[in-house]
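Heads up, the next two complexes both have subunit A, just with different partners, subunit B and then subunit C.
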Partner chain A sequence: MAAASLSGLKPIVRQHSEVGVILIAVLLVIFFVATSGGRWNNSYNISTILQITATLGLMTLGVALVIGTGEIDISVGSTFGIGALIYLYFAIRIDPVFAAMLAVAAGALIGAFNGYLITRTGTPSLIITLGTLMIFRGLAIALTSGFAFSVPYKERDGLTYFILGGENIFRAGSFSGVNTGFLWLIAGLVVLTIALKYTRFGNHLLAVGGSADSAHSRGIRVDRVKIKAFILCGALAGLGGVLEAGKLGSADGSMGRLMELQAIAACVLGGCVLAGGRISLLGALIGVFVLSSIQSYLVVMAVKPQWFMVLLGVIVVAAALGDRKLRHWAVRK
Partner chain B sequence: MKHATQLAAASLLATTALAGVAVAQEKQFRFVMVSHIGSNDANMGWLTESLAAFEEKYPDVTTEYISTNNYSVQEHVRLLEQAIATRPDGIAVPIVDNDAFEGPLRRAIEAGIPVVAFNIPDSRPADERIPYLTYVGGDEYLTGLHLGQYALEQAAAGNIPAPTGIVCASHDAAHQGLKARCAGMQAAMEGTGAKFEELFIGAEPAAARNTLQSFMQANPETNYIFTVAGWSSPWAWGVANDMGLSPDVDNEGVTVMTVDEAPVSIEGIRAGHLLAANSQGFWLQGYAPMEWLYWNKTLGYEPKSDILTGPVIINADNADKWAALVRSVFGDQEYDNQNTW
Partner chain C sequence: MADAKPLIQVKNLDLYFGAFHALRNVSVDFHAGELVGLVGDNGAGKTTLIRVLCGIHTPTGGEVYFDGERVRAFHPKLAIDQGIETIQQSVGLCDNLSIARNFYLGREPVKRILGIPFLDFAKMRGEAKKVIRAFGLRDNVSVDDEVERLSGGERQSVKIGRAVEFKNRVVIMDEPTNHLSVREREHVNELAVQLRDQGLLVIYITHDIFQVHKLADRIVIMENGEKIEDASTDSMTADELEEVIRQGGRQVEKMEA
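So, the complex of A and B:
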């Protein structure tokens, strides 16, 4: 009886690639609540997790789009850092709104640069974006010369700073609220989900990832679709950098370092197929939440730093294996 | 699926066990040190050993040490926020970046959590800085300045050559504390006519050696190398030695200086490879913040000035004493493990 009812779930798992990561997230949350003695499940910590989810999540949405086309962008961590630096540099000198727009535009430009090089030269995206990862990280370090770009705490009290990740909203009693960056993430998710499911661009993007040759034969301009995906990816990484800088009020040359790996890990956990053609934006975001939650749990439980990376890696591998097994089970007759 | 589940369960159980957090244990206070020094830095041993000694003396206190091996200000603030979320009775934290740390620390202080800055203070004037109880630590600028002044004394005495070119080799271009060490050294060397350069070498040994070697080839007048981490001093000495630049301490060739009371620094001095290093009183920087947090919680005491724990010059005259001290803290095996000469 139980086996039969479980079998009934197979079509749902098959159709929705994010089911695995949702299951993992639910199990982890139950475990964290049960074992942390309230250290993990308190409003301050949940608020922190959601803030991290917001900025990493925006970057992840962009990476998922690129993965959807069958390419990869590992330069997003550096783009994120450049976005943060541009925002902070111009926010205090000119205007925060102008600075944010400039940072997002710079991210889009980096994305366009990646996309153009990849499509024009036919060089694998891994190689090109590895190069730009280093170029823009080096540029970030060179620009800051060892110091941070910052906006002093006392000057970050205007409405613009508030909207751009500088404060929490929905505070109530002991609830710490949610960083405004999270609202940007929700907006990004809604817009991109609609674009992916109901617009020609979304249709083309997944078609290109499924089979570029086939898409080309149907009249889809493959290169143009890929460049658009890279531009969106860069712009979202730039926006993520703006929101992180808005929260911290400071950024140095290391801002965003290694976040690209987390974004890719979140996409894979969330059911995005690296070969392209199938992605789940919601799944990728839950993947981000899972990674942020695991990191947070290890910190609040004071895991020794020498074990932190090992355990995080083991848990991510275990989660990915569990998800893979679940999908195999779902396709088995 | 079964294996994956078992693996996940084992990992999470191990996590809980490794956390060493006895939720059921009845401790009156819990103090958290949110550090920028990860387990890939030998100096973490000073802090964790001093926390263990503190717990022995004050059995009603639990201390926790939180850090990362992939340091960035962004990551540090995240760790700090998560540490605050656990509502500790006190926090010790280095103020690596005033603007990034001010928001979370002010919120923690407003929530009644006392904060002590250690290792790196808020660099602003007292009336503008984050309202922490006190700062316990060394002075990064004085570290470079005093080491530079010591080198000039030795040069004047004819023990080492006079400086013609100095390179300050740093593994983290974004670390303001390391920049201050270089600035101190630069200040000490002003007036000597020697060219001063700051060089980012990174923390990866092969890349660091390549970078330094290229620099030395392009700048043959350089005869003082100042590494701002103890663990990078053997790399600098090795590069100079491979290039035939006579890097041991004598009155010819290159002279290498470094920092910290780490085994690698002390043994480098004892072997005649390094001129000097410094101690900024790392052990005290772990212990004293905890003690002030404890006294603040139990007695309401607040120190009225910063508490400087260094720099103290370590040289050939006192290196044996320092070796004995460090061995007593780290143990012989750990001391020998960390001596990479």
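So, the complex of A and C:
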């Protein structure tokens, strides 16, 4: 009886790779609420988690798209930092909106550079983006010469700062609201999910990840599809950087360091197959939520932060293995 | 029967993969309304030749003419746009996508909503369903199923159905009867003849000279990247052609030794 009802779930698991991560998220939330004595599940902390989810999430959406093509982009942490710095530098000197667009464009350009080099030379994306990860991290540190860029607090008002992650909305009573960056994330998720499932671009992206040779044989321009994914990924990382800078009002050269690993971990956790062709944007974002939740749990429970890295690694390995088991079970007739 | 002017003309074609000389000075004409059997052993260059014709490989040297025009750029997209449909042997389907999505891969129909082109799923699913049923896919296979779950024969059926559905001027079949049962094999062979009778050029690749001799108007035999025979099936029997394959192989071995 129980076995019969379980196999009834197979089609759901087969078609919705995010089932695993949703299960993990629910169990974790229950665990956190039960063990933190209100230190995790209070409105201030939840609000913070959502803000972190927003900026890391935008980056993760882009990384998921690249993973969908069967490639990987580990340069996004540096792109995020460059985006933040460009935004802060030009926001006070010229205009915040212009600065934000410039930062996103710079991210797109870094993505285009990655994509072009990878498709043109046939070099593995891991190697190329490892290179650009270091190049743009180095540039960020060199340009700031160790200091932070910042926007004085008194100048951070008006609609533009509000829209670009500078404020929270939906404040209600003791709930401190949701950072406006979160709205960008939701918009990104909706638009990209529709694009992925219901447009030619999405069909081609997943086809390239499933089998680049087959996609090519059906007339799909594989290189162009990959470059587009890298451009989107860079632009989203740049936007994430803008919103993070908008929230904090300052950034230094180390902004976004190691975030690329969290983004990739969130994708794996969310049911994206690293070999390409199967991704879940919603799953990846729930993966981001899980990671930010764990991180904040460790903080409020006063666990030393270095344990987060250890835990992150363990989670990624466990998620990868568990997900394979789950899929294997679901595909079996 | 066949037009005098070739639809596809291959002249002195050479193709290297690195140092490997995969096609050696191949010249061959293909006419509309003709069923040509392309025969040879493994590694003879049959698949490589047709992969040039369908745009996957760009030749290192030589010329290809389509309908009298010199082909200057090679890409599957260009070949498909010209009306060349190919049933590839090892590629052509993405395991992670549904049958309907694979069916229309690269030529997805769209419906504009607020000016944005969205995939026309009603058309994709409807057409794909009609065709795969005609090609004998089981009733419990849905067009929404991922290709990953299909058997070898079912996968082949999807590819053949797709090529026939979108047939235009040329249908190239690379070992189309692999993975198929005896009855399905006969069905595919009948289809090849039908397409020819409709005035299309059909290029049929196989190991089995006896099978293709019954269908084809002309047999082209390849060996070590070279064309070693090009004869109408009226002028030579299957046994004679098989002898050519044996002889050809031996000659090349001698030359290389």
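Just so we're on the same page, the second predicted complex is superposed on the first by the 305 of 333 C-alpha atoms of A that agree within 3 Å, B and C clash if a C-alpha of one lies under 4 Å from a C-alpha of the other, contacts with A are read in each partner's own complex, and residues count from 1 in each chain.
Note that in this section a residue touches a chain if its C-beta (ideal position, glycine included) is under 8 Å from a C-beta of that chain, and two chains touch if they have at least 3 such contacts.
Predicted model, so just to flag it, every value in this text is computed and none were measured.
Novice: Is A:Gly277 contacted by the first partner subunit B, the second partner subunit C, both or neither?
Specialist: Touch status of A:Gly277: second partner only.
Novice: Once chain A of both complexes is superposed, is A:Lys304 in touch with subunit B (first), subunit C (second), both, or neither?
Specialist: A:Lys304 sits against subunit B, while subunit C stays out of touch.
Novice: Applying the document's definition of touch, where does A:Thr160 land relative to subunit B and subunit C: first, second, both, or neither?
Specialist: After superposing on A, A:Thr160 lies clear of both subunit B and subunit C.
Novice: What is the contact status of A:Thr193 with respect to subunit B (first) and subunit C (second): first, second, both, or neither?
Specialist: The answer is neither, since A:Thr193 touches no partner chain.
Novice: So in the superposed three-chain picture, is A:Leu258 touching just subunit B, just subunit C, both, or none of them (first/second/both/neither)?
Specialist: Only subunit B is touched by A:Leu258; subunit C is not.
Novice: Name the contact category of A:Glu244: first (subunit B only), second (subunit C only), both, or neither.
Specialist: Only subunit B; A:Glu244 stays clear of subunit C.
Novice: Which subunit A residues qualify as touching subunit C in the complex?
Specialist: It comes out as residues 198-200, 203-204, 206-207, 209-211, 213-221, 277-278, 331.
Novice: So in the complex, which bits of subunit B are touching subunit A?
Specialist: 1, 3-5, 7-8, 11-12, 14-16, 18-21, 23, 32, 38-39, 44, 64-74, 77-79, 81-87, 97-100, 102-103, 106, 170, 173-176, 178-179, 200
Novice: Could you please specify the touching residues of subunit C with respect to subunit A in the complex?
Specialist: 54-56, 75-81, 86, 88, 90-97, 101, 105-108, 110, 116-119, 121, 148-149
Novice: Quick check: in the complex, which residue numbers of subunit A touch subunit B?
Specialist: Going by the criterion above, the answer is residues 31, 35, 37, 39, 42, 44-45, 48, 51-52, 141, 144-148, 150-153, 244, 248-258, 295-309, 311, 314-315, 317-319, 321-322, 325-326, 329.
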